[in-house]
Each structure stands twice: as C-alpha cells, then as structure tokens.
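Down below are the structures I want you to see.
Look at the two complexes coming up: subunit A is in both, with subunit B in one and subunit C in the other.
Then we have the complex of A and B:
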C-alpha cells in the first residue's frame, strides 16, 4: 500500500506535472489580477483570456523552433551557442539571394522558393560545420567551438549585408512570409500559423525522440557516451546529424522572424536567441550535462515563459527587464531545487543507514560479550 | 590538463625536440608570432600604424583585458562565467548611482565599490556552482539575466542610465587624463590586474590549488584541498574583475545603461581561448591571456583603417581568427603528442 502510494506520488512529482501546476497557478493569479483591474476600472475589458493570450504568444514563440534543435544537443551533453548567429546568417542569405534573383528578372514566387531553399540549406550547413568540428576535434568543448563559429557566422552575416538593413516593402511575393505570422480561422478560434506549425513540429519531435530507437540513442549518448559507442551506435554520425538539424531549426526560426519583423533583415537579428532557447530547454527538464528531458516539458516551458511575459507585461505593467529577471531566477531555482532535494534525500538515507549500522554493531558487540 | 601531464613525462625522460612540440608547449611564442605578423601586415597597408595607434589599442583593450584576467581562474577550475558583461554593467550602474547621489566622492571609493559589488555577484555564482551543484553555464546565464534586468529598475537606480552629469569632475578625468610613465591610469589598471592575477596564480599556495582543482578535482579533494572554497574564490575573483571593469567603463565612456557591453562576454572568453587557456581546466597562463586580449584590441582598431570597403569585416575576421586559433591549438597538440609517442617507441 505504502509503496503504491509512493509510486503515485512519484508520478505526481514528475517534472511535467510540476510545470502544468505552475502554469495553472500562474494563469489563476493572472486571471484574478485581470478581474481586479476590471473592477477597479483600470481596464475596460478583460485582457487575459485564451484568445488574447494565444495571439499574444507569437512574439515569444519565435525561438521555439530553435529550442527543439538545441534541446537535443543538450540531451547529448553538448551545447550549441551559435544557433542565433547561424539563423541570422541564413536569413541574410535569404535576403541577399532574393534580391539578386528578383534583380535578375526572375518572377517573385520562384525566387522566394529558391531563396527559402538557400536559407534552409545555409542553416543546415552552419549546423553541419559545427557538427563536423565537434566530432572531429573531440578534445575541444562544443561550447568553445560554437563560440568561435558564433562569432564567425555573425561576421559572415555582417559581411553579406554590409551593415545595412534589407527591407522588401510592397513586394507581393516576399509579403507571403508575413502570412506566417498571421492567424488562421479554424472553426470559432483563430490560431496563429506559427503556433500550429510549432505544435506539429513538436509532435513529430516527441514521437521521434521518445518513441523510436533513433531518438532513444540521443539520450543514451548523453548518459554514457562510451557505453553507447561500444553498444554499436555510430555516436559521431548521430552527433553530426543533430548539430546539422539544430542549424536547420535555427533557419526555420529565422524565416518566421522575417515574417514577424515585416520583412526587414539585419545582421544583428536574433541576438541572444540561443540563450533563450537554452533557458526554455532547461526549464523543460533538459540538463546541460545530458541524458534527460522530454519534449512535452519543453513545450510547456515555452508556453510558461510566453504566458509569464504577457501577464507580467500587460497586467502588472512590468517592463521587459522584470520579465528577464524572472527568467533568470526561474532558471537558477529550477535547476538548484532538484539538486538540493536530491542532496537532502541522500543525507537522510545516509543518516538512516548509519543509525542502522550503529544499532547492529552494538547488538553484535553486546552479544559477543 | 593533458599538457601538464605530457610535459612532466616528457621532461622526466627526454625533452622531445622539434619546433612543433616546442610551439605546442610554449603556445605564447606562437601567439606572439601571429600578433607580430598581423601587426606587420597592417603596418604595410597603413604606414606608421603602430606609432599612431598603440595608445588606442591599449586603451580599447584594457577593459577586456581586466575581464579576461578575471576569467582565467574560472576557466582554470574548469568552470565558465558568461555573466561578466552583465556584472560589468550592473556594478558600473550601481557605483555611478552612488556617485550621483553623493554617497561616493572619491575615485578610489568608486573602484572599491565596483570591486565589492562584482565580487559579491561572482561569489554568489561560485556558491551556486560549488555547493548548489548547478552547472556553471546555467548559473551564470541566469545571473546575467538577473543583474542586467536590475539596471533599469526605478527603485534601484532611479533612472535608466548613468550619464556624464552624474559623475564628479575628478572621476571623469581620472582614467584617461592622468598619465604615469606615458600610460593613462586606465591602462595601468589593466597592467596591475594582470600582474596581480599572474603572480597570484603562479606563486601563491591558493593559486596553485586553482590549477590543482582544474586538473583533477577528486585528486585535489583527496589531497586536502577545499575544492568548494577554491571554486567560490575563482568565481569571486572573476566577478570582482568585472566589477572593476564596470567602473573603468564608466571612467572611459562616462555612461552606463542597460545594454552596456551586452554580448562582450564572448570576447572575454575569446581572448582567453586565443591565449591558449584550456576550457577543460587546469591549463592556461596569464601571458597568453594578455596576448589574446591585445590581439582582439588590435583587430578592433586596425580593420577600420585598412579601407577594405566593407567596414563590417571586423566581426568576420574576429570569428575567423578565433576559429583558426582553437583549431591550430588542437592540431599542434595532436602533432606534438604523436611525435612524443613515436619518440618513446624508439
């Protein structure tokens, strides 16, 4: 009986359950504040309802695709801090190629398709270069390699754009990208295209990561790389592919970013996005030392960050800085807390074992005398 | 860490001859060579470059150099701190606020305040890393968000930025207009900080323990080294250096706001990595860090003068150089090891 209770309590203590609880509590608090503001006459209508929140999530979900790529790198026990820069480079390539193609008289739709392909390819290549370097130079940390490539990719993006901002105003074909940021009406609800795309991608990732042998290998690699290698998994190939995939997800983020910023392309775009993505992945249960994490957790943590930003911003009037402060505190506390709990549990178990050992040794000595 | 092991093994048998292994062991020589080559290249394009610009290189590089000197012990223990730029901005802003409100009048007071604030933030990082067992990159990422977010808060500073009018006249002229032996005080700060860090790491017992913790933590622990304390100390040093850098920033640019130095932590780490510091911990010298910081400062100052048409090439060259440096380092190390193994077989 006790055991079963303990097991179900363990199920309740799962990280995702805690995240859901946190989300529910947060929504309840925000809802009360919303109602209070209405009563006090500070707001004319309620600003915190599902329809508004779902629409409002968009600007905070831009880095969500990148998070899907980075979380798997974290699951392997590596890190990639170049994704923001490689996304900026892919977007720069998109803009430059589109400009060149339309300048050469190729119709807009075709050039958009071609430049989108170039953009995704650039992202994949950036990731592939990271992967190649990481698997080739194992004595170097992925952190340092991607630090170098971060500066390098950003530099190439600056070089491509020459420090200028590319904008495509009133360009019928290029404006198609803006639609990615719009909403579509499904039945009674209007959902952002981006959200649907992200949820679809996350669902694919969840099936792949948690349901197939290929996905389980990623976690195996993060738990014990040597054992993984000896059990016949081509560790380097898996690593290379995941880094390349991470670059690709960065490029996808970049495409949505262009849609969101009404088609303006700058080399310093998406600065620091990789850090947001790492923060979201860590809150979602992934650890930078590898081997743990779940896709639903990451989706939840992205939603939590988004809802928190909306709520703190619109309901409490806090500026961005307050939101960033909360992100930082949550990041530290959410990793510190499990560690402290485990440490406390270990200490308790040790104490119990010592007490038992004392008792038995005393019994032994008294018995022998 | 591998270096030290191979070094001792090699010297106890017979030192492997050959230029490459020598370069692999004394990486600073190679770095100095690259720095001189860059300088020669630039001087050929821009005659009299060094004569006209040496002061700008030193001034522009000194803040980065102070932070890199602080980063060295953190990298040596195998940790990392990506919150240094935020710590710089935060301590600069708080020190500036204290001066604006008249709590601090003297420059010495500002310097000490900066060091204290930065040191406290660094120590907190260190405690979380050493005793909370949280990974350093997560701790410092979060701390970076927190400290940078606290800058524009009304209850803390009362306004969004610290500007010229908030500073006393004596502070404004202290760092750039006072010279000794031909160098402004700003540069002297960098010289003193790097010297102190170098001497501390080389000659004090605690300094050697920093290397010991980075080389093999469990061995150090068994040997009786208080590893948690050493880790906390290393992070506190890094924070203190960033706090000092914040006051130097205030003295140099006379303003600090919430976006100040954002992203500069990457250049601090880059200076260390260029200088041959191993991010796995246990290996690194202050001379390398100084050369690495000088290299970045030189690129910053030289490339705009080269007239290559695209002023944005600076970022590109910095990235390319860093990438080349780490790959060259790794390659050299491999080559040296292979040579050594071959030598042993004979």
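Then we have the complex of A and C:
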C-alpha cells in the first residue's frame, strides 16, 4: 500500500511542488509588504507572521470539509453545486429538531446529540437524492440536477425556519457547538480546532483516495466510465455513495458554521460555499473532466486561498469582494497554466521531430547522389 | 539678507510648532475598522462619508468593508481581519444581531472597543449601540410635522404597515399618547389607523377608503417607507388638499414633495449616524466614556448624546430593558422641496 501511495504521489508531485512554490513566494511577498508597512508606520503591529496566519485561517476553513466531498465528485467527472444549500438545510434541521426536543423537556445534551445526528443524516439524504437522480437520469447533466436540488433544498430550509433566524442564547448544551470555532493554545500559536479536525479528515481521505483500490476506482470512473463498468465495478453504486458522502461533508461544514456564527441559524447561510469548495478542489489539481487530483493538493490550495485572502485584506487593504476577484484570477491562471505548458511542450516536441525529419531526409537525398 | 532669512525661518518654526500643537486631536494615531451590512449600498456609502468627516476632525484613520453577499460569515471574516491588524475600535452594522457575538467578544478580549450602529449587535458583543432615533422621537417628529402642515387643527389619520408590525405599533402608540396628552394637539381630531400591509395596492385602497369616509380629512401620517408612496399617490390622484408625512425614502417621495402633497417627510441621516458612531468609538478608546448608562459624549452639530439602557420589544410587543446600552441621535432628516433632490441618490 505504501508503494502505491508513493507511486501516485510521485505522479502528482509536480503540481504540488508548484503549489508549495506559489505559497512560499506569496508568503515572502506578503512578509516584505508587512515589514515595509511597519517601517512606514502604516501598520500598528506585525500582522503577517505564522501565529496570526494560522489563527486567521479559521474563517476560510469553514468550507474545507465540503471541499473533501466535492473533490471526489469532480474526480468522477461529475459536479455537485447543491452542497451549500443542503448544508443550510441540514443546519436548519439541526436547529428545528433541537428546539422541538428541548421544548418537549428532553435534556440539552441528549437533544444536541440527537439533533446533530439528524443534521448529518439530512446532509447524507440530500446527497443521496442527488446521487439517485444523477445515476437514474443519466441523460441529464449533474450540473442541472444539482442546480434544481440546490434551489429545492434552500427553499425547504426557508420553509423549516419560516424565514427567521433561530438562535439559542445562553443555552449551555447548544453553546458547546461554539467550541468548534475555538482555538487550542500551543506555545505562541492558537491552533484552530477546525484546522485540526480538517487535517485529520484530510489525512483519512488521502489514505483512502490514494492508497486503496476503492479510491482508485473513483479516478478510474472519471477517466473512462465505460472501461470501469466493463471491468466489473458497479459504477452507479460508487457514484451514489460519493454523492451521499458529499452531502454529509456539507452537513459537517454546516455544524462548524453554526459554531462560527455564535449558534445563529439562518436559511441563507453558506450561500455559494460550494463554489469556494469547487475552486479549492480545482486549484488543488482536481480536473472538472475527472480522473485527476490529489488530497494534499487540495489541502495546499485551501491554505493558499486562506493566506492570500488574509494577506490581501490586511496588507493591501483589499475589500472582501475584491479578494474574491483575485481568487478568480488565480483560478483562471491555475487552470490555464497546465494546459498552456502542455501545449508549449507539444509544440516544442513537434518542432524537434520536424527538425530531425528534415535532417534525415537531407541525408537521404545526399546519399542518393 | 542672512538675518532676514533666519527671521523668516524662526517665524516659520514658531508657526509650525503652534500648528502642530493645535493639531493634536483626540483620535490621533487611532485605527478604526468599520463594518457594514453590504458593500456597494448607497446608504452605507453615505455612512462612510460620516466616518470620513469625523476622521478629518478627530485625526484617526479608518478602514471600511462589508461582505458583497451581505452574509454574517462575511462580516466575521472582515472583523477577524481587523482584529489581526490591531485596530483600536470596531464600528459595525450587523447583518445578524447574534452571529457576530463570539467574534466581537474575542475583539473585546483583545482590548478593542466595539460600537454597533444602524443595526445593533446583541448586548454581550458590544460596548455601545448608536442609533438614529428612539421610537418616541420618531413618533413626535411625525406628529409635529403634520400638525404644522395642517395648521394644528382638523382630522388626522394614520396609514400603517401590518397590524402586527411591532415598530409601527409602538410609534402609533406614542402618537396617540401625545394627541391625548399634549395641549398643542387639542384641535386635531384623530380618526384612526388603517393598515396597508406594506403593499402598494392595499395601501392605496385603504387610503382611498379613508378619503371617502372622512371628506374633511386634513392629514395622514404613514410611518412606513413601503406604504408612503401609495398613500401620497392616492391623495394626488384624488386631488384633495390632504397633507401627508411619514418615514420615507427620498427617492420614493421626491415627486409628491414637489407636487405639494408632502411638506416634509423624514428619515434618519446615515451620514450623521456614521459621524456620531465615529465620535462614540473615539470616546470609548480614549476612556472618556465606558459605554455605561448615564454617561454622555459630544458630537459637534448633533449635540450631547446620552447613553441609556437599551430597550427591545418583548413577545408581548412592549418595550423591555436589555443588558446593553444605547445612545440616540434623536435627529431626523427632513426631506423638503429644497433638500429632497440632494438625497434622491442616497436614500
């Protein structure tokens, strides 16, 4: 298994090396800007150092779990744009069930456990519905199916909450969720709980996706669905499970989101999160045409997005909306760059071959004389 | 020549020193982070103008930002960014009163003062809330204006939003109280309130009903931005000499103000609101106030703002005290024939 891991890691090393290089260059640029601002008296303090950045990654880690789910959908050559909405629906279910259970006199701790289970189940079910629709109606694009379910799930969330914000103030049990947004102090560094949880989840995913036969099936499905089917893999079943799993990761994101927003539950929560997740997966090396990608790459790309947003926001005074624009630019460059490199490589090879052909044909003609 | 030069230099030095002395301002060296509900919104851009004006007078620097999707997690990102930068104060108009509490508590733990303005943050997440006007001030302003328009006598009606709308009901109760208690309004006959449900057609029809029922009706108060244009349109269509006032947007009402249906309509001034929030933030950072009930601070051109216990509507629809404190500008902006055009693009 280790060999397999090493081999698949080797193939993708180039892209990840590029990501690491990009991260290092970005940090160096930001660090210089930080120092320059301090010298010029523009900054009140050192705002770009490991401690600040690690803690500051927190709000950008919210969609990280969802990214794990979505990247595997991409690896199969499909897409799921309903995850933000299904996460909102899961969270709405969490709130409504918790309210009903505590209202019925069930102790807070038990209510929270039960409603968390309902939340995760709701997420899984939303994903399962997507999976069923996608495998049952193959003539429809997954994009259209999940667009429909996106609107549907968001609508149900509004119905459940009646357009209101649900909050549980000074509720000891529900306040436990807020701890998910806390940090753990290690020396000078406040390590976000969310980051630890995500890295653990990502490690599990990495072993599964890159180290087991089950994981390789996912990529096989994306590379050549027909061949995969003929080789005896139940493609539809794999697909169904991955969509359901994607819904589940959305629900996990939702639970952390509730923790982050001081347990305030709204139907318009996590709007557009699936797009951030898709962006992170694509920058991480997952291709929308399937068959390609690596988990370490996704972890790196999430960190890159986080660091970039922190840097542009605090050091260059970019507004939140402008930061999104720069994410778009990076995404365009990162998707075009590999294609351009391949095209350039092909052109170079072609020229070389032509040159060789010319030389040999000249040799032939001179020989005949 | 040399002496003249040194004299000039000495004079310049003296002036320079006095200028520097005069320029020592309470906000010098302070950095304030301003967060609003959504970027690209004219109302909040106007509020930022207020912060700019205060920054020129007080000497602080500030940054401002709002999420482009109007989400609370977007506001959390912006606030965490400000905390990282080590701002001295955060002034926030919250999309969700509760969602920002934990993040703002972290800010407070880091020694940052938190002022909410326009849309309050829950009491535990702020030091002070700055709001345009108390319910009573709004009610009395509307009544005073309509009384002036109709010469202090005649029949008066109210066209409200939903019958269950808590803010409107509170304002109406203050209007009714003043009509009964204040001798200045002794000659005004209050005929009652109808409800337009914040729908254009319903508001129009209810107004038409009022006009038919009370042919001598002199004035209408409509304390809802959604209903006001319909009420004014109905009065204009019927060609009656009824005066209308209310809480309205300038852009909705410019037509009717110019047509003479409204002498003046009202809404708070977002520029002044931002301006006052900035003064409150600087006063908090400098320790001039702590945000406790009973304190007060000066805002030039607006007056002395008193800090009091804030209130919120409870489930019974009554005002009940909360844990937090608030200060009201209690100054509404009047849109009249002269002023309305300047506001059309903002409100």
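Here is the rule we go by: the second predicted complex is superposed on the first by the 332 of 369 C-alpha atoms of A that agree within 3 Å, B and C clash if a C-alpha of one lies under 4 Å from a C-alpha of the other, contacts with A are read in each partner's own complex, and residues count from 1 in each chain.
Operating definition for what follows: a residue touches a chain if its C-beta (ideal position, glycine included) is under 8 Å from a C-beta of that chain, and two chains touch if they have at least 3 such contacts.
Since this is a predicted model, take the numbers as computed values, not measurements.
Set against each other, subunit B and subunit C differ in how many residues of subunit A they touch, and the higher count belongs to B.
Using the contact criterion defined above for the overlaid structures, shared-chain residue A:282 touches subunit B, although it does not reach subunit C. When both complexes are overlaid on chain A, the residue A:45 reaches subunit C alone and has no touch with subunit B. When the shared chain is aligned, subunit B comes close enough to touch A:336, but subunit C does not. Of the two partner chains placed around the shared chain by superposition, subunit C is the only one that A:178 touches, whereas subunit B remains out of contact.
Residue contacts after overlaying the shared chain place A:321 against subunit B and subunit C alike.
Contacts of A:163 after superposition on the shared chain: subunit B is touched, whereas subunit C is not.
Shared-chain residue A:271: touches subunit B and subunit C both.
When the two complexes are overlaid on their common chain A, residue A:26 makes contact with neither subunit B nor subunit C. Residues 271-272, 319-321, 324 of subunit A lie in contact with subunit B in one complex and with subunit C in the other. Of all the residues in subunit C, the ones that touch subunit A in their complex are 31, 39-40, 63, 65-69, 71-74, 76-78, 80-81, 84-87, 96, 98-103, 122. Residues of subunit A touching subunit C in their complex: 43-45, 47, 52, 55-56, 58-60, 62, 165, 167, 169, 178, 181, 257, 260-264, 266, 268-272, 309-310, 313-314, 317, 319-321, 324. Of all residues in subunit B, only 2, 80, 128, 132-135, 137-139, 141-146, 148-153, 258, 263, 266, 269-270, 273, 279-280, 310-320, 322-323, 326-327, 330, 333 touch subunit A in the complex they form.
The residues of subunit A lying in touch with subunit B in their complex are 79, 133, 137, 139-141, 143-145, 147-156, 158-159, 161-163, 267, 271-272, 275, 278-279, 282, 287-289, 319-325, 327-332, 335-336, 339-340, 343.
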